[in-house]
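The structure under discussion is supplied below as structure tokens; questions concerning it will follow.
Labels for the chains are A, B, C and D, by order of writing; each one numbers its residues from 1.
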Amino acid sequence: MDHVIEMLNIRKEFPGIVANDNITVQVKQGEIHALLGENGAGKSTLMNVLFGLYQPEQGEIRVKGEKVNITNPNIANDYGIGMVHQHFMLVEPFTVTQNIILGSEPTTKSGKINIKKAEREIQELSDRYGLKVDPTAKISDISVGMQQRVEILKTLYRGAEVLIFDEPTAVLTPQEINELIEIMRSLIKEGKSIILITHKLKEIMEVCDRCTVIRKGKGIGTVNIKDTTTNELASLMVGREVSFHTEKKKAVPGQTILEIENLLVKDARKVDLVKGLNLEVKAGEIVGIAGVDGNGQSELIEAITGLRKANSGSIKLNNKAITNLNPRKVTESGLGHIPQDRHKYGLVLDYPVAENMVLQTYYKKPYSKATVLNFKEVYDKAESLIKEYDVRTPSASTLARALSGGNQQKAIIGREVDRSPDLLIAAQPTRGLDVGAIEFIHKKLIEERDKGKAILLVSFELDEIMDVSDRIAVMFDGKIVANVTPENTNEQQLGLLMAGSQLSEAGVHNDSE
Amino acid sequence: ACGSGSDKEEKESSGDSGSSKEAANEDFSAAMVTDIGGVDDKSFNQSAWEGLQEWGKENGLEKGNGFDYAQSNEKADYIPNLNRLIRDEYDLIFGIGFELKEDLQKVAKQYPDTHFAIVDDTIEADNAVSITFKEHIGSFLVGVAAAQKTETNKLGFVGGVDSPLINKFESGFIAGAKSVNPDIEVEVEYAESFGDPAKGKIIASNMYNNGIDIIYHASGGTGNGVFNEAKDIKQNDPERKIWVIGVDRDQHEEGQIGDHNVTLTSMVKRVDVAVKNVTEQAMNGEFPGGEKLEFGLEEDAINVATTNEDAMTKEIVDSVNEWKEKILNGDVEVPQTHEELKGFIDSL
Amino acid sequence: MIDILQSLIPTVLFFSAPLIFTALGGVFSERSGVVNIGLEGLMVMGAFVGIVFNLTFADVFGSWTPWVSIIVATFIGAIFSIIHAVASVSFRANQVVSGVAINMLALGIGVYLTKQWYGKGQTDMVSEPFFRTDIPILADIPIIGPIFFQGIYVTSYIAIIFAFIAWYVLYRTPFGLRLRAVGEHPMAADTNGINVYRMRYIAVILSGALGGLGGSVFALTIVSNFSHSTIVGQGFMALAAVIFGKWHPLGAMGAALFFGLAQSLSVVSGGIPVLQDVPQVFLLIAPYVLTILALAGFIGRAEAPRANGEPYIKGSR
Amino acid sequence: MTQNNRLFGILVPVISVLLGLLAGAIIMLVSGYSPIEGYAALWNGAFGDAFTIGETIRRITPLILTGLAVAFAFRSGLFNIGAEGQVIVGWLAAVWVGLAVDAPMILHLPLVLIVAMLAGALWGFVPGLLKAKLGVHEVIVTIMMNYIALFITNEIIRNVLTEQETTTEAIPATASLASEWLQTLTFFSRMHYGILVALFAAIIMWFIVQRTTIGYELKAVGFNQHASRYAGMNVSKNIILSMVISGAFAGLAGAMEGVGTYGTISVMSGFTNLGFDGIAVALLGSNNALGVVLAAILFGVLKEGAGQMPTSAGVPTELVDIIIALIIFFVASSYIIRWFLLRFKKEGK
């Protein structure tokens, strides 16, 4: 038998929903097997079943042909199954080492954790697979990419033979994605098998051997990557044709909406993060900010939106200074904000969807009068947004927490776009979403642009930047280092600029000058 | 009290509940409402209950039938408890402790035909008698004893809550000590609680550390901490001469540590005597309604305990008796307040 | 100065010891993600058991009685806390609610049984409480000896030693790493194969044991008997120490010592000439005001363990 | 789903109370008392006649308010253990203004209540401010504020309101919630109009929390401060506001005692426990207004009835504490009760 893992006819229900309905997946020894499906199709659920976090209602699991009963992650570990979760399972105040050894700690004779030994072992593993980490750093201090490497090390440390990656690239920068692909290849070389969940068809085409497609909880089938195309995969997944290139007319920029001059932002430790940045966004154009995570993008957005103090410089919206105004004032000056972290900022997860839909407007008529809320208006609004933005939720009174990530994002976008702000900031608006949802969101952004709104798009996905933006501002080390148009550049050049090369070196001409 | 069900219908008008009682001595009944301390507080509640029990025994009655008590767990319980006993048609109802003053005053007005008595405070009502004690005099006498006993000429006083009643103890104690020896210093601390033994212990520890060798406490449960500390010191150093003076009851038992006893004496307040006395008067149709009775040495209601014979030497006892005479004779006017104490000391 | 220290330090130590024990229990429980408002009740239970055992078996165990008593109280405290564990870990009860119930239940049971067994609301005084002792050898060191090692309770030092042990266990052993992981990110711990429920049970039971120990030490060093007013607020002070100490064993110990110091100072300062004219009320509130000032001034923000108070439901997200 | 939830919302507390009483009966049996006599005494103690009913209502009154206080803070993620201290200062303020001001009832009584609320609010403001501005944990600060309230109040009673007395004079009728009519109706129980104030407060709480943007913001801040900031809410302001309103409810509870039940304030040698009981009431009432009212009623009935148990049935009053604690456990563990109910239902089908 060359199947390391077989999941046969798996069924898993949650109250009110069948997340997995008779799904079969068979993974061959030494392959990278993709799992593809829309948001909420049931991919994570299926993998959690394999990892012992959920018990299936029906179906069986075989490891190397032998029928097994995986009732908890320990047993999964024993069978050599390791999982890198979609939402990282890392204890933030702990160090890298502490996280990796957690649950199988080496000890000295006196029962003390043998931290030295652990660090040595981790160093060895990390050298062997090219997983660069700092074993003594705290999780809260390291980049997302390194956090992911820690997750991978966690599985390797436990001797995993089959690794499950649940959307590993959703949170990574292009460079980090390339590194990850290298890592996966070296894992395969060492005889491991990998199950990869991703929405990025390009990645599947690049690294995977086979792909199992799931649609709305049901298994659609398994295809050989060699024998298929992205278009075929996409239509298998959503059940219709999907276009990848977003159609759009040429932009007609109008007056300047957002004007940033010499913006300086420091963090709590007084380190400069945004260092004298200048930026302009005009009505009717989409400006994409390209850059590697950690070059001040988040701080820039937080400063514009009033969530963080600007130390000097000026920010003007519609010719009105909004520097260091509180978020409410900024919003009222005509700003919409799709935040990068939807769980932290975008939603009150314990509020019903409806109440989340008025998070920015609850205090205004008609949603409230003289501080008294009008629930009828709130729910009417919510229902119409849910319909218009295709938010899949049992009802408007369902808690936002219960929605899948993609639908949460659609709810936020609906809320922000619907207010029709003059400037819309979209930070990573499609992170973790399936192609159908991405297409929808891109269409919405362009629609807004065509209505004459200014859009500032921040994304680590070069595809997205190239595809949607009318103008690209490359951000590096707290400054805009280049202004280019998608027509006059390519991913290669952008990548170089993002890494800090000069324009001339990158061979691009600067459009704004 | 189990028969309360049948009483209910009749109790509509408070008027007739007590009208025919005065004469019917046979089924005279009395009951009391404790304060938060509870009936087994080893203090005045317990003592009052003992008085009532003794009276009951002498008259062939038993608890729940002729005499009873109602326990209060919090301030809010006083009124319901008083009413419960009124509904159960007790002829005389005691409220034990100054905390019941307002409530008893109120109830006495509402039920003019029931007899009431308050212990440790005074109220104005024709159907109520106020029972107070001359604690200042008892405190004076233990002050005298302490002054005789001290070797450091430093005494301590630990009060529960700073209030006129406890000030009375304090004033009497200081006056007594200074009467014997004006050079004696008395350190006064209030714990602001009758139930904080930790505080009592810290205060005592500090006092004994500062050379004070006798502490008089008038602080209820807080005093546990004082005893605890004294016994502790004694346990470690049986030679060390330190003492505690108890309050309300003879606290000899609390002072026992191995073969030693740190309780020098106690200012005994015989609430039982007063309760029994008033109950008997009421039973005989001589209820002293509206009067303010002050029990003291004369009635044998204030005492200085001499249980600890090793400590209370004959000289001390004699000296205490001497001063007792002087007080009874009217030679000494014992101060009851801080003001009076000031005057008293100045006159020494 | 030395005089003042000499009268201050021993009182600080005996006042703080029960708080330290109990607060350490709180640290374990809350580090594992189970809020423990029930510390007060656990102390009540400990005090009750400690006193009753002491009264009953003083003849059997002689001078060992207090030691056996606190061990028994520790044990019963541990068993009693299982109620909190079952409710808040297995039955997903709101942990604050369960803690409040623990407080009422302990006091109810303690006083009910006291009345049942002794026919009155409070027990007699125990004949075998803890006594102060001088620590051999150390007590003879000049200056330090009298201040720290004369006339102190051995239990005070045990409390301090326990704090260090707790620190070691929490920060140096696999058990501690797992326990803290469970309190920060239970799902991460779960995916690492750690039994979240078991860890939380253990932590809560430890808090019961330490709370019982703290309560019995309080009763046997300070009060000597049991009644409804034996433990009034000490458990809440211990809870305050847990938070004040930022959920760290040594921090909690420091906070408990700080409370002891503030209490003692408010009493001792009455004897210090400069402070003699300060109205009593200021001395009375001083310990509490000082605590607030300390928190506002330099302790500041304390982050609770991330998952503190959240029942862990396997498979939820 | 929702229908089921509503059914459980009623069934779970009812089952919990029954289980609690059953446990109480077993304890009585084991300790050699008659449960029937015990519960008869409890019933009589709470509902025996007009007097006890009046007293029961009186006892319920402040519990509703402290329950609301704790519940309100909980709604924005704050744990107000300080209701106790807020009750004390509210009580003090009510009596103080009652004594110090001379005005017709129509002005005097509202003034008294408002000042009591302000005093409680002030006591809530301090921990609120420290939490909002410095991140100091409200649990410690409120615990400390309790003691400060107790000692300062005692000092003021002794040295400002009286001359070294332990109890103030009684407030004039113009400041009083007490009513001859209610008292006559209930054979001199201390029932007063405060119950109306408390019920009105419950409606206010419900309205603020469920129907206004204030409540919307407070709850949002309780759930997710980051999202609240993102949505333009002033997180600090909301934290402070929540503690202030919470304190005001507790202060009002103090006024119930000060100008309703007692008409005076006395030096206290310990806490009133109204605030601590409020925690249990709030939690039992799952932090919503109607729940709090019902929980306060349950609490008040059991506690008032308990007073009759020692005299009529020989059962120590603490039995009621045990019963209440068990009920709280059962309600808190509703998950398991639901689970049983669901199984039961499934099998029934």
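In this text, a contact is a pair of C-beta atoms (placed from the backbone, for glycine too) under 8 Å apart; a residue touches a chain by one contact, two chains touch by 3 or more.
Bear in mind the structure is a predicted one, so any value in this text is a computation, not a measurement.
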item	value
Top chain pair, ranked by how many C-beta pairs fall in contact	C-D
Computed distance of Cα centres, subunit C from subunit A, in Å	46
Distance between the centres, which are taken as Cα means, of subunit D and subunit A, whole angstrom	47
Centroid spacing, where centroids are CA-atom means, of subunit A and subunit B in whole angstrom	76
Cα-centroid distance, subunit B relative to subunit C, in whole angstrom	35
Shared interface positions of subunit D, touching two or more other chains	151, 154, 270
Shared-contact residues (touching 2 or more other chains) in subunit C	229, 232, 280, 284
In subunit B, residues with contacts to at least two other chains	71, 73, 162, 192, 195
Pairwise chain contacts, counting only pairs that touch as defined	A-C, A-D, B-C, B-D, C-D
Touch list for subunit C against partner subunit D, complex	83, 86-88, 90-94, 96-98, 100-105, 107-109, 111-112, 115-116, 229, 232-233, 236-237, 239-240, 243-244, 279-281, 284-285, 287-289, 291-292, 295-296, 299-302, 304
Subunit A to subunit C touching residues, read off their complex	48, 51, 53-54, 72-74, 77, 83, 85, 87-94, 98-99, 101-105, 107, 111-113, 154
Sites on subunit B touched by subunit D in the complex	1-2, 4-5, 8, 11, 14, 64, 68, 70-71, 73-77, 79-81, 83-84, 87, 98-99, 101-102, 106-107, 110-111, 160-165, 167, 192-195, 337-338
Subunit B contact footprint on subunit C (complex, rising order)	6-7, 10-11, 14-15, 120-122, 125, 127, 129, 131-134, 151, 218, 221-225, 227-230, 232, 234, 263-264, 267-268, 270-271, 280, 284
Residue ranges of subunit D in contact with subunit C within the complex	27, 31, 79, 81, 126, 130, 134-137, 139-141, 143-145, 147-148, 151-152, 154-155, 270-271, 279-280, 283-284, 316, 318-322, 324-326, 328-329, 331-336
